[in-house]
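The letters A, B and C name the chains in turn, as written, and every chain counts its residues from 1.
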Amino acid sequence: MSTILEVKDLTKKFADIEVLKGISFKLKKGETLAVIGSSGSGKSTMLRCLNQLSPPDSGQVLLEGVNINAPGIDLNTVRADMGFVFQDFNLFIHLSVLDNVMFGPLRVRGMSKKEAREIAMNEIERVGMIDKIDFYPAQLSGGQQQRISIARALALRPKLILFDEPTSALDPELTGEVLSVMTGLANDGMTAIVVTHEMGFAQSVADKAIFIDQGVIVEQGVPEKMFAHPRHERTKLFLSNFVGLQ
Amino acid sequence: MEIIRILISELPQFAKGTLVALEVLAGLLFLGLVLGLAIALAEIFGNTVVKFFATTVRKFLWAIPQLVLLFLVFYLPFDLNPVLAAIIALGLCSSAFQSQIFRGAILSVQSGQIEAAKAMGLSKPKIIFYIVIPQMIRLSIGPWTNEFSSELKDTSLAYVVGVVEIMRQAKYIIAYTFGNTAAVYLFVGVLYFILTRIGTYFFYRLEERLWVPGFEKRS
Amino acid sequence: MISFFHYAIEILPDMLSGAWVTIQLAVVCITVGILFGMVLGVARVYSSKYIYWIVTGYVEFLRGTPCLLQLFFIYYGLGDMGLLLKPVIAAGIALGINTSVYQAEYFRGAIQSIKPGQMTAARAMGLSKWKAIRYVILPQALRLVIPSSSNEIIYMFKYTSVAFAVGVPELLAQAEINGAMNFRYFESYLLAAIIYIIMVFTVAKIMAIIEKKVYVPGLQLMQ
């Protein structure tokens, strides 16, 4: 499989604090990458640097070999190619479920209403919400909102999707429905980067995991191996917080 | 019941006065809307100089009584007809209030909404057009309706520069029917009350139609 | 510019005496407005059905009619019926009544945003309904009402200028008189505007200080 995303030596400072101190990794098409680490480790910042929601100070992000920081690159097209799923969903509150999912194809991709609707219906079906298309975000549970926001990201037909702690804002009983949608996506061959605290998900679904601590990648590898036999002390310490990992 | 006969026979005059009042109202609200929106955008998105300028203009317009501004505009060194003077003066005062409404509404559009649109690859003009403005309109209709009814009543101030609106018509009618002052003014009160009610009902319906779950509803 | 300054200094004594009338008028009608507004506000929340409808009808009708009309009704209308009031008295009554119905709405809003548990707790301690209103609800409502109430106060301060229409010698009237005497209307109104701006900014500052002084942590208007 070909490399779809390559990140080279990403750094980012907020005021005087170095949040990212040189992050590099590669991702192949169809892979799911789990990014783990304690809060404040820089993993969410890293994700936001990838689609330039907060631009990195230095380093490169290559999407299919193209440096997206280079001058002359249309950032909006790049962002449309990288779906983004927020921790707190951020569905557009003035739009119905269907309009939310149609929004990308219609307003970003410039498709016709008919095409947009078709794509949207497919994606809403994929996340199992077809009976809720006329509802507004405020009428849905957190889990349902997150599933719709995944559908909204998918409707852009992105090359990969970035998940920023997609289940952290949910009540425990609602995380399952979102994780199962995400598992389905991984099985369908969607490329994804998932910042998460769900170690079970990371272990069973992700092809690769990276552990970030204090702005650097401490360890990376296949999740099962890494979780069972962490090589670094910091990884070991972090993983010891999660009971029930084999 | 002489007075009722008089009031009925004067209904055409009241209707004329009402039309003039509505003309002033439409004009001043439109002027206030355009200027108010401009001030709000300048105060939120402008650089330091623009921001300072907009805030200063707003504060001064807010502090001057409508009647004072009305006379100031009316007595400008060039000739303005009274209706236009009223529209300009009351519109300037209204812009200070409307800018506060729009500013509040724009600021209550949550940052996550804009960030999500950005993350989808939407350009800035499109974000303003498809996300900020539709949400801002819904958030401002309620307070804007208050401003509408307050300005409807304030069209009566145009009386002082000689605009023949409802109050001026009432004065004429009182003058040539010799008296009935209280009854005529009471009738004018009912007229204003009905106009205010019709207006607010219309905006209430508009708000209902635009309302979607998740937006706060006026009581 | 220089001629404006000369003229401004010349008419300043008249204008300041007008400003003093404005201030007195404002103090009277704002005080009346707050007291009556509080009573009307309480009545709209806690009174029996009939009183509720009477108060609501009164408040809503007055809120739907212009202040200038209310003033003319009281000065010319009642005068026509034999109740002749001095202009300044008529203005005080009309403006006081006008601002009281707006204050009433703010009080109502404030009272209704107090959590029901406050009333229940007071009643559970054995306080009568009116004592509970007096000692628990109103002290909280008074603090909650201040931001909107102070907007109304500032608004009313500016709005006292309508009193000129019945001949009260306040600031706007002085500007008109001096403008007519000297044929310098624009400059007279300009000076009036400047004095109003200074006074309104001062009132706003005072209100902000009061707001800060009576602030109680945790007590805020439900949005």
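FYI, contacts are C-beta pairs under 8 Å (C-beta built on N, C-alpha and C of every residue); 3 or more make two chains touch, one makes a residue touch a chain.
Computed from a predicted model, the values in this text were never measured in an experiment.
Using the contact threshold fixed earlier, the set of chains in contact with both chain A and chain B is empty. Comparing the centres of all chains, each the average of its CA atoms, the largest separation from chain B belongs to A. Measuring from the average of all protein CA coordinates, the nearest chain centre is that of B. Between the CA-based centres of chain A and chain B the separation comes to 47 Å, rounded to the whole angstrom. Centroid to centroid, with C-alpha atoms defining each point, chain B and chain C lie 21 Å apart. With centres taken as mean Cα positions, chain C sits 56 Å from chain A. By the touch rule above, chain A contacts chain B in their complex via residues 51, 53, 75-81, 84, 86, 88, 90-96, 103-104, 107-108, 135-139, 149, 152-153, 156.
Residues 110, 112-113, 115-123, 126, 130-131, 134-135, 138, 212-215 of chain B touch chain A in their complex. Across the complex, chain C is touched by residues 59-60, 62-69, 71-72, 75-77, 149, 153-154, 156-157, 159-160, 167, 174, 179-182, 185-186, 188-189, 192-193, 196-197, 216 of chain B. The part of chain C that touches chain B in the complex is made up of residues 61, 63-70, 72-73, 76-81, 158-159, 161-162, 164-165, 172, 175-176, 179, 185-186, 189-190, 192-193, 196-197, 200-201, 204, 223.
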